[in-house]
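Shared between the two complexes below is subunit A, which has subunit B as its partner in the first and subunit C in the second.
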Partner chain A sequence: MNRRKFLKASAGTLAASLVVGRVGSALAQGGLEGEDIANLEKGLQAALGKGFKDLVPSKDVKLTAPTIAESGANVPVEIEVGLPADQVKAIYCFCDKNANPLLFSFQLLGGGVLPYYATRVRVAETAPVRAVVETKDGKLLLASQGVRVTVGGCG
Partner chain B sequence: MNILIRFNPAKPKAGEEVRVQIVVQHPMEPGTRRDASGKLIPADHINELAVLFDGQPIATVKPGPGTSANPLFAFKMKAAKAGQIKVVAKDLTGKSGERTADLALA
Partner chain C sequence: MDRPERLYDLPPFGDVTLLFNTDMHAQLRPHYFMEPPNLLAPKPLEGRPGYLAGEAMLRHYGIQRGSLEAYLFSSVDFVALAERFGPMGGGAYVGTLIRQQRAMAGERRTLVLEGGDSWTNSGISLLTKGQVMVDWMNRVGFDHMVFHWEYTLGRARVEELVKELKAQVVSFNIADDLFGDPIYEPYRIHEVGGYSLAIIGSTFPYVKVSHPEEFSEGLSFGVREKELQRYVDELRAKGVDAIVLLSHNGVPLDSAIAEKVSGIDLILTGHTHDYTPRPARFGKTWLVAGGAAGKAVVRVDLKLKKGGIEEIRQSVLPVASRLIQPDADLVAFVEQAYAPHRPYLDEVLGTAETLLYKRDSTYSTFDELSGRAIRAFYPEVDVAFSTGTRWGTAILPGQPITMDRLLAYTAFTYPEVYIFKLKGERLLAVLEDVAANAFNPDPFYQQGGDMSRVYGLSYDLAVNAPTGQRIRNVAIRGRRLDPNREYIVAAYGGRLQRSGTVLEKYTPRPIYEIMAEYIRQVKTVRVPPRPSMRVLDHRYVLPG
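Our next item is the complex of A and B:
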């Protein structure tokens, strides 16, 4: 392959991958305000050893959080999973812009515990809160909700 | 560490869903806040909360620094039989607290 051909070919693939990358990520993220996938990725890797692309958005995960929170220090979050209890291993919650993106993890150990969890979290600044549900067969289901914060909860 | 446990409904019927609410009185310092003189306040938050039913572990919560002060932890379980819920909380400084509550059926 000579130089001219090589340049032509590589420019083509580069353009194609750019287009695919943009469409793919837009679908997955839904364009929520204050997204920070790079920071989220750190937390995902530390907690699960997986990246954002391994998460599958799912209707079975219901995340309830306010769209506007006056104080980021106290944001109520409720996660409900529409799957049988014996299929759910753990519930994780992340926030894109927090210094430590992992907000909490909740492990189900049996004994009749249902896949539901509610707590109050700190949100550093306007960013999406994400619920990640780990199933017994190793799938990671995702639900996201943008939370707009007037006063940050970590500073 | 003061821990409060509440059941909703207070006395569920056998097989009914019961919501267990746990509130721990703890400042949950995330380690990113500064005091008046600009010094960082060291992190001090609960990092493990174990829930046991009649001595059997049924759930573990691992809150990070992103959990609010005086945190609420709520989960649901099927009330198959009466028993005792025990909650054990540990924080980063090594302090711990525990509390038991009896789940009675209607």
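Our next item is the complex of A and C:
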């Protein structure tokens, strides 16, 4: 980034903070750290036959993961869907930077199974984790969260 | 102020008094500690508590230059004020002040709270594996405690010491790694003046990321803000009137938590070593920071009402050793603790000709000295890293440097200096990673330390650039960084060595031994502040 672009970006951050007046999420920075849509796309196509542009960010998908992982090898992830169970077909979880971006998938087979899944995943390096929920009517709902995997400084 | 000792005359107010002491880092002897000349803020956090340093701190709180408050809260005129007001803190003085305030506020309506980072990081702590601090706390009388550096004693030792500790540990976020159950009580409810007050404990979330994992085997920490909300809701459902979070998250993260988790009335926060001369307010939550190094005890008097706090009064009480008459039993306790170790700890290694300080966002003269010592010991080292820890001490120009003072900066339970090879591109990535932890505009992504300090390497820093673009113009030993070259790097007190290939032919030696040897050799230490980095988007202030 050249100097002019940099100053412009900083000014943008300042303006945003004045309007919002609160500490925003990492979105204030532009994108999520370590975002790698090209790599993610491979995983999305393989698992769903769809691309990133087909995903719709939704408040009905709640993704809980630590912002800074204690260990990238073992990151607790929780996905909760705020829709009736009979509207949810499957839950997928991806990470942008993993060699295989699909972390896990879970098909809801009906019979009153709650659309909720919690497990531990491996996050290779600092990158967004994505929860993708496939609904019965064919929509793909998305929630994303950046997870830092750090070499660790000192406290 | 004509009679500064009147600072301490505080009649009781309201229903309950909280005495808050935190981040003493086992400094049992009075000492000097200079506040950071710079706290470089990412833009969205600029001007907020946690990012006020030097003149900005004085301006923000209307503090007069040259006053005891200016000495306590800022780096402005530090050496002159250190000579005027003398050393601060120390176990005898902190303990006496806590006892006096408890008696003044009312024994039965006072809670004494310790915010963590109290048991480790001094010579006397290292030699007794934290024992001396537990004995000290038991003498003074604490009610609750949370942890951070305590875990660098190792989990088994912490658990041994907890058995002896009279204070009750509270922490909702120290969990069994496998099952997720909390190891300690998450909170404790106290009945005071017809109201109920809950203290929820929150230990440092990144114990595992900041230190070797073997110290906290089988445990998991984390911010866990959703769980915290559940505990708050649980307490509200029980009809608790006021909820206090005793926390080691630090000011930036706790101010973000105050905005995210609803129903906390007051957060008492340690870790970042900040002061809030007036309580800060975020949403409906008060935030009070506790400082560090034994320099202050914070007294908070609360008038409660059904379901919350009616009125808050806060005094940051300086532990000025020239104004407090310490209790004889505490003086004797500290003396006895040191007695067997004096030959080792009181050895004079050399003299400081210039001010040695530690705390700052990016640079300090102490870190520069550690780099010089490492380079003298290992001339082949291209770059020496020093930690971005916040603890330490200050040594005034003309003062002797004793082993005890050196250990005040370097008493790690993992003090080894590792020598390793690191490729240029990886070295740059490591600097970016540390900068992303230190300067993230979202406190939920800050890991908690200051920027690692570098010797032999120069760079430009753009605090507000996106991750991956903060570190520019890197040169090593005066030559532009070559991404493909393998450099010889030294580091201690962290995990940086894992990024490279450790060179087995070097037996790791403790940083304090390497530095002691160097200081004995040079005798006089002269380190004028000359940072090797330039900050592009902030004014950078040098002390003095």
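Keep this in mind: the second predicted complex is superposed on the first by the 120 of 155 C-alpha atoms of A that agree within 3 Å, B and C clash if a C-alpha of one lies under 4 Å from a C-alpha of the other, contacts with A are read in each partner's own complex, and residues count from 1 in each chain.
The rule is short, and it goes like this: a contact is a pair of C-beta atoms (placed from the backbone, for glycine too) under 8 Å apart; a residue touches a chain by one contact, two chains touch by 3 or more.
Just so it is clear, the model here is predicted, and its values are computed rather than measured.
Shared-chain residue A:Gly110: touches subunit B; no touch with subunit C. Look at A:Thr150: by the touch rule set out above, it reaches subunit C but stays clear of subunit B.
In the superposition on chain A, A:Arg120 makes contact with subunit B only, not with subunit C. Contact with subunit B, but none with subunit C, is seen for A:Cys95 once the two complexes are overlaid on the shared chain.
Of the two partner chains placed around the shared chain by superposition, neither subunit B nor subunit C is touched by A:Gln45. Look at A:Thr64: by the touch rule set out above, it reaches subunit C but stays clear of subunit B. Residues 153-155 of subunit A lie at the contact with subunit B in one complex and at the contact with subunit C in the other. Considering their complex, residues 17, 30, 32-34, 53, 56-69, 71-80 of subunit B touch subunit A. The part of subunit A that touches subunit C in the complex is made up of residues 1, 6, 9-10, 13-14, 16-17, 22-26, 28-30, 33, 64, 66-71, 126, 146, 148, 150-155. The residues of subunit A lying in touch with subunit B in their complex are 73-75, 95, 98-114, 116-124, 153-155. Interface residues of subunit C facing subunit A in the complex, by the touch rule stated above, are 43-45, 148-149, 204-211, 213, 220-223, 226, 255-256, 259, 271, 387-390, 430, 433-434, 436-438, 440-445, 447-449, 451-452, 462, 464-467, 469, 493-496, 498-499, 537.
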